[in-house]
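Heads up, the next two complexes both have chain A, just with different partners, chain B and then chain C.
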Partner chain A sequence: MRLEPKPAPSLAVTLLYPVGAIIVTFLIASLLVLAAGASPFSVFYLVAKGAAGSQFALLETLTRATPLIFTGLAVAVAFRAKLWNIGAEAQLYIGGVVTVVLGTGALPLPSYLLIPIIMIAAMAAGALLLLGPAILKTRFGVDEVVTTLLLNFIVLLFVSMLLEGVLKDPTGLGWPQSSKVIAEAQLPRIIQGKRLHYGFVIAIVSAVICWVIMKKTVLGYEMRAVGNNKEAANFAGIPVNRVLIKTAILSGGIAALAGFSEVSGLKGNLTLDLSPGYGYSGIVVAMLAMLNPLGVIASAIFVAGIFVGADAMSRTAGVPSYIAQVMVATALLTMVTAILLTRYRVRWK
Partner chain B sequence: MEQALEILFTASFWVAAIRIASPLIFATMGELICERAGVLNLGIEGIMTAGAFAGWFTVYSGGDLWTGVAVAALAGAMFGLLHATLTVPLGLSQHVVGIGVTLLATSLTYFTYRLALPQVTTPPKIEPFQPLPIPGLSKIPVLGEALFTQTPLTYLAFVTVAVVAWMLYRTPIGLAVRAAGENPSAVEAQGISVTGLRMGAVMVGSALMAVGGAFLTMSAFNSFFFEMINGRGWICIALVVFGSWRPGKALLGAILFAAFDAYQIRLQQISGGVVPYQVFLMMPYALSILALILVARRATYPKALMIPYQKGER
Partner chain C sequence: MAASIGVEQGAPAQADIVLRLDGITKRFGPLVANNAISFTLRRGEVIALLGENGAGKTTLMNILFGHYVADEGTVEAFGKPLPPGDPRAALDAGIGMVHQHFTLAENMTVLENIALGTQSPWSLRLDRAAARRRIEKLSADFGLTVHPDATVATLSVGERQRVEILKALYRDARILILDEPTAVLTPAETDALFRTLKLLVAQGLSIIFISHKLNEVMAVSDCVLVLRSGTLAGERTTATTNRAELAALMVGQEVSSPPVSAPRTGPVVFELKNVSTARQGTTTRLDGLSLALRAGEITGLAGVSGNGQSALASLISGTLQPASGEMVIGGSAAGNWSPRAALASGIGRIPEDRHAVGTIGDMSITENVISERYATPRFSRHGFLDWKAARAFAEEIIRDYDVKAPSPEARIRLLSGGNMQKLILGRALDSEPAVILANQPTRGLDVGAVAFVHRRLLEARDRGAAILLISEDLEEILALSDRILVMSKGQLSSPSKRGERSIRELGELMAGHGEVNDAA
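Up next, the complex of A and B:
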């Protein structure tokens, strides 16, 4: 078996394979639904209804998509330069920590000053957190996959320590949670009385900014060059290590905004279950979007829809909601295969 | 202070260290085989989860313990086949596929667990492997107790290291596997299929990872619960680097690491809550990062690690 490059694929082919990947994902999920003794059609109907069947469902999906856009962007920019940031989960939590440290009354400022200050501080903290593994990679050649993964565990324990120590809410009845952020540190809701908040708007703006950086700036060009071929980029005079460091700062900063947005816009305080794995799901979001920052918006909404829809479905149909995670992981693997097949033809001898 | 040192000379401490090392030894050998053949297997964390569940569930449903180990190994090999199909002949990114396999294996395991046991709140226990003292040897003070009063699965872990070392360095197939990770075109020139070697190595390696996971449910905690692997897979990847891709050194690294882990648990008890317990729990992860930094300069990665091989391409 061998792979042969195809001549520039037509638009139809470029779209055909990814659509095929999604279909295959649903077929595999159907097998699991059948194993659970339910009918795939009614289950997928319930998932779709739970994700987009009403105004409430749709807003809930967009709310869930918000942190995924941030983590998806963080992964997309990093992976473009082949900086394997698997630590978005940790960077998210650090963003949350900074938000409650500055947002629970330490800075008595009006909203229009306080929120930007918290955002910048959160981004700086997230950037610093990824800077460590990035420097270890560029200076010592330590693989960043393992260091960022291990940091996820360290940071979660660190947050747990803070929540049982200095950041513990004195009125929290002993639960490991922080105090609520003050009103000035809260992102307003987009629609009064609904959960969707301005973090979603910030996420969209971030995606546009990332797209501009990737497509229209020198840094974006350099990041793509480093990602495509490090040696060639180095030969062409691109400062590879410096580009990787800049990428780390950008990626870590964006991931931290996910934590900021969840605390300041949705939860109001920091707990140990702030993120049900948004950092890891961000990898899937980024890959489904083929690392395109604008595509991240669509794929984050798609992934969020599956999560929200599966939660609603499992309450009525009795199929475990973990099917959502299975579908998302399957979609990742089928999608990378589909992207390969648009570029190469498989020849059997 | 004295108390902190005394721990090191108790047999119970070393017994615990070897027990903690056992799952790491299996999984580290598994990862080592994959990487020696040129494939980084980041599916390890999820494959260990799947193995932990598969072994436990087999026994829970009435199978005997060794059947459980075999089922776990088979489940691991299947995920290995998936990983290998995508990364070897198709040459997809080993980073992305590995993370994908971890996510898939973990979520599929949780889904199956919830499907099989919808209403449980406390995870049911199984009758695990029992310690099997080796007559004579187990009477040697400290060292003998530590090594020879373990469960059969721990003995199997040590046998695995010997077999892996012997296979890699003393058999033609081991030579071919190592060459596939260093200089694949040379292997192909001998008329041996690099694709076949790498796929085989990833499947065998993944089976070992799954047995490592099964150790946790069948010889340590006796039940399956969510997030029980808790980063052990990632630590094993660090251990492979720390052991410079050699089975013996990696074994030593795993035992050292486990001794440290057992030590921090005991320190935690005598520190009496002055230091937050999370600091102790962070140590194994921090230690892994430190170990990576220490060996980074002299690390000699298999030369073709993470480089897909296409027949006929240079």
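Up next, the complex of A and C:
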């Protein structure tokens, strides 16, 4: 088996690749469902129904998609410049920490001032967190995959320390959780009485802004040039290191918004289970979207749908909801393969 | 000179056919890379495969060697059909290929490289003594001197090529394919290679020699196949053809070297005074180098690659900072040096490697032509790019520099080498820079594109640009340069005016013999 380069496929064909990857993912998941002793058709029907079969399901899927849009965007913009930010999880938690530090009464301001201040502060903290690995990379050539990945564990332990210490809710019966944010620091719900909150709108707006940055601005051009061919970009006078630093600031900032939006819009306080791996799932979301910021919206909703749908399905069909994790992981592998196939043709002997 | 020592011409000793290609067709999407190509190779024969870049030579050889699978047609070696797409089968059938870019493991010895892959992966030890005996015998028989225990990383380019040839011979190759073998060699090394080829042919091996260089093709081959845009444009017996006829077959029209008027030399516009650079990896560094470029003059820098040209080119391009010494551009000393500073001080740069350094392959033509100037008000305002202006600029370059491209939105990777180089030329020359660095501007280009690049460089000279032409192609240096310097071991020779030094004298300077003058 060999790979041969081939010319770029048309846009329509390119769009078929994620679809193909998803179909293959379902086929592979079917085998596991069969192994669990259920019918793939009824299981996938139940997943789809659980994800989008009712207003409640749909709103739940969009709610779950919100942090995934942020982390997916953070990964998409970073990967475009070939800055391998695997640390969206840590940046998310830092965003959550800033939200409870500023939002639990320290700043007695009205909503229209407090929320923007918290957002900016959270973004700054997330940016700062990724700045370290970015500087180590540009100055000393330290691999950012290692540093950002390991920072995830460091930050999670740091958050754990805060929740057992200074940020611990005095009324929390000893649980490692922070106090609730004040009403002025809460993002309102889009529909009264439902869980979907304005974090979803902020996520959509962020995606549009990222798309504009990548397509229309000097920075987006520089990021794509650096990601495509660093050496040629440097030769042409593009300040490669400065672009990587700016990319880190953008990516880390967006990832931190995921933490802000979860605390301020949904959970109300910070706990150690704020994120069931949204930072890592963001990588899948970004890859499924082929790093396109607008595509991130669709792929985040898709991935969220699988998680939400699988939860509902496991309650009725008795197939463990872990199937969702397997499917998302398989989707990443098939998508990476599909992206390879957009550029190469496989020749079998 | 390469042409001075040739392989004896005339009919091959025996006329038995060792290789037969029949109706080979290969398509890449809409592009037909090879169109129904048939030819035969006989025992003891040297066939030259001549053609422009993109004419389909490499594709054809990759099919022969099993890297690609032909859409139509068959290959037959020694009377037996060769299974398509199987390099192993090609090797077993006795076909050896010496690639243009060597495929050696640098951290291993010559012996290890040659024996690599000849034994079963399950065998526990390498029979070094037997391998050494064979290598020494092959070396002696064919004049391929190289020490079996030397680490490949320490070898010169010429020596590495010998290792590649030994590798093929060690595997009992009876047919040897050489892809642009002389592109990286000095004239003396080329002569040695041709002597080796002669010995191989005398032993009954058959050779396919891929080249752009007409004089070498004339010197070394029995028979010439000319490829043009994927089809066989002509098949000639070397003894009864001439360079002009072959050149015409290659491009489909007669070509001539550009007329060169007398230079109107102006003041010094770029000067290096006693400049040294820090060592970068294994490249030769500059040590106290001085160089002055005058307006309206082309300074040709000849030399074998690896003698400090890349450090000098990086320095002028802005990707390398001087460690000591002074750089004076247009009368003022250069400050903080970077590619952007180089561009800002009016230096137009044509890099040596257009794929890795000159262009960003997966970005469009438009995105590539603005890469050196996207931050200027012409192409961006308040951080937003003006894609309309960028596209208009790309269309302008495509028109003015005769680039064949489907559209400004096409990915630059899809262009041929010549068209890519024309775009780079357009990007560098459009702003009428006062200083131009042209580093190997025509390497690997076809005759038509070479003439185009030469004409544009001469036009730039005539409007008053100071040009530094770095090239390993002595003919190019001699054709264009008003003043010639030779670089060897990081040092420059004294300059010579057009026609002052003979090719042989330049060759000796390139080889590091003769006087060295550090104040050029």
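Note that in this section the second predicted complex is superposed on the first by the 340 of 349 C-alpha atoms of A that agree within 3 Å, B and C clash if a C-alpha of one lies under 4 Å from a C-alpha of the other, contacts with A are read in each partner's own complex, and residues count from 1 in each chain.
Quick note on the criterion: contacts are C-beta pairs under 8 Å (C-beta built on N, C-alpha and C of every residue); 3 or more make two chains touch, one makes a residue touch a chain.
Note that the structure is a prediction, hence the values are computed from the model and not measured.
> A:232 in the overlay: touching chain B, chain C, both, or neither? Say first, second, both or neither.
A:232: touches chain C, not chain B.
> Name the contact category of A:337: first (chain B only), second (chain C only), both, or neither.
first
> Return first, second, both or neither, reflecting whether A:19 touches chain B, chain C, both chains, or no partner chain.
A:19 contacts neither chain B nor chain C.
> What's your read, chain B or chain C touching more residues of chain A?
Of the two chains, more chain A residues are contacted by B.
> For A:153, is the partner it touches chain B (first), chain C (second), both, or none of the two (neither)?
Once the two structures are laid over each other on A, A:153 reaches chain B alone.
> In the overlay, answer first, second, both or neither for which of chain B and chain C A:328 touches.
first
> Is A:27 touching the first partner chain B, the second partner chain C, both, or neither of them?
A:27 contacts neither chain B nor chain C.
> After the superposition on A, what does A:217 contact: first (chain B), second (chain C), both or neither?
A:217: touches chain C, not chain B.
> Do any residues of chain A touch both chain B and chain C, and if so, which are they?
In the superposed arrangement, which is not itself an observed complex, chain A uses residues 2 for both chain B and chain C.
> Give every residue of chain B touching chain A within the complex, in rising order.
42, 82, 86, 89-93, 95-97, 99-101, 103-104, 106-108, 110-111, 114-115, 118, 195, 230-231, 234-235, 237-238, 241, 276, 278-279, 281-282, 285-286, 288-289, 292-293, 296-297, 299, 310-312
> Which residues, counting only chain A, touch chain B once they are in their complex?
1-3, 32, 35-36, 79, 84, 86, 136, 140-143, 145-147, 149-154, 157-158, 160-161, 164-165, 280, 283-284, 287, 318, 320, 322-323, 325-326, 328-330, 332-333, 336-337, 340, 346
> Which residues of chain C touch chain A in their complex?
The contact residues of chain C facing chain A are 28-29, 67-69, 85-86, 317-319, 338-340, 342-343, 349, 351, 356-363, 367, 371-372, 374-375, 380, 383-385, 387, 411, 414.
> Touching chain C in the complex: which residues of chain A?
2, 4, 6-8, 216-219, 221, 224-225, 228-229, 231-239, 347, 349
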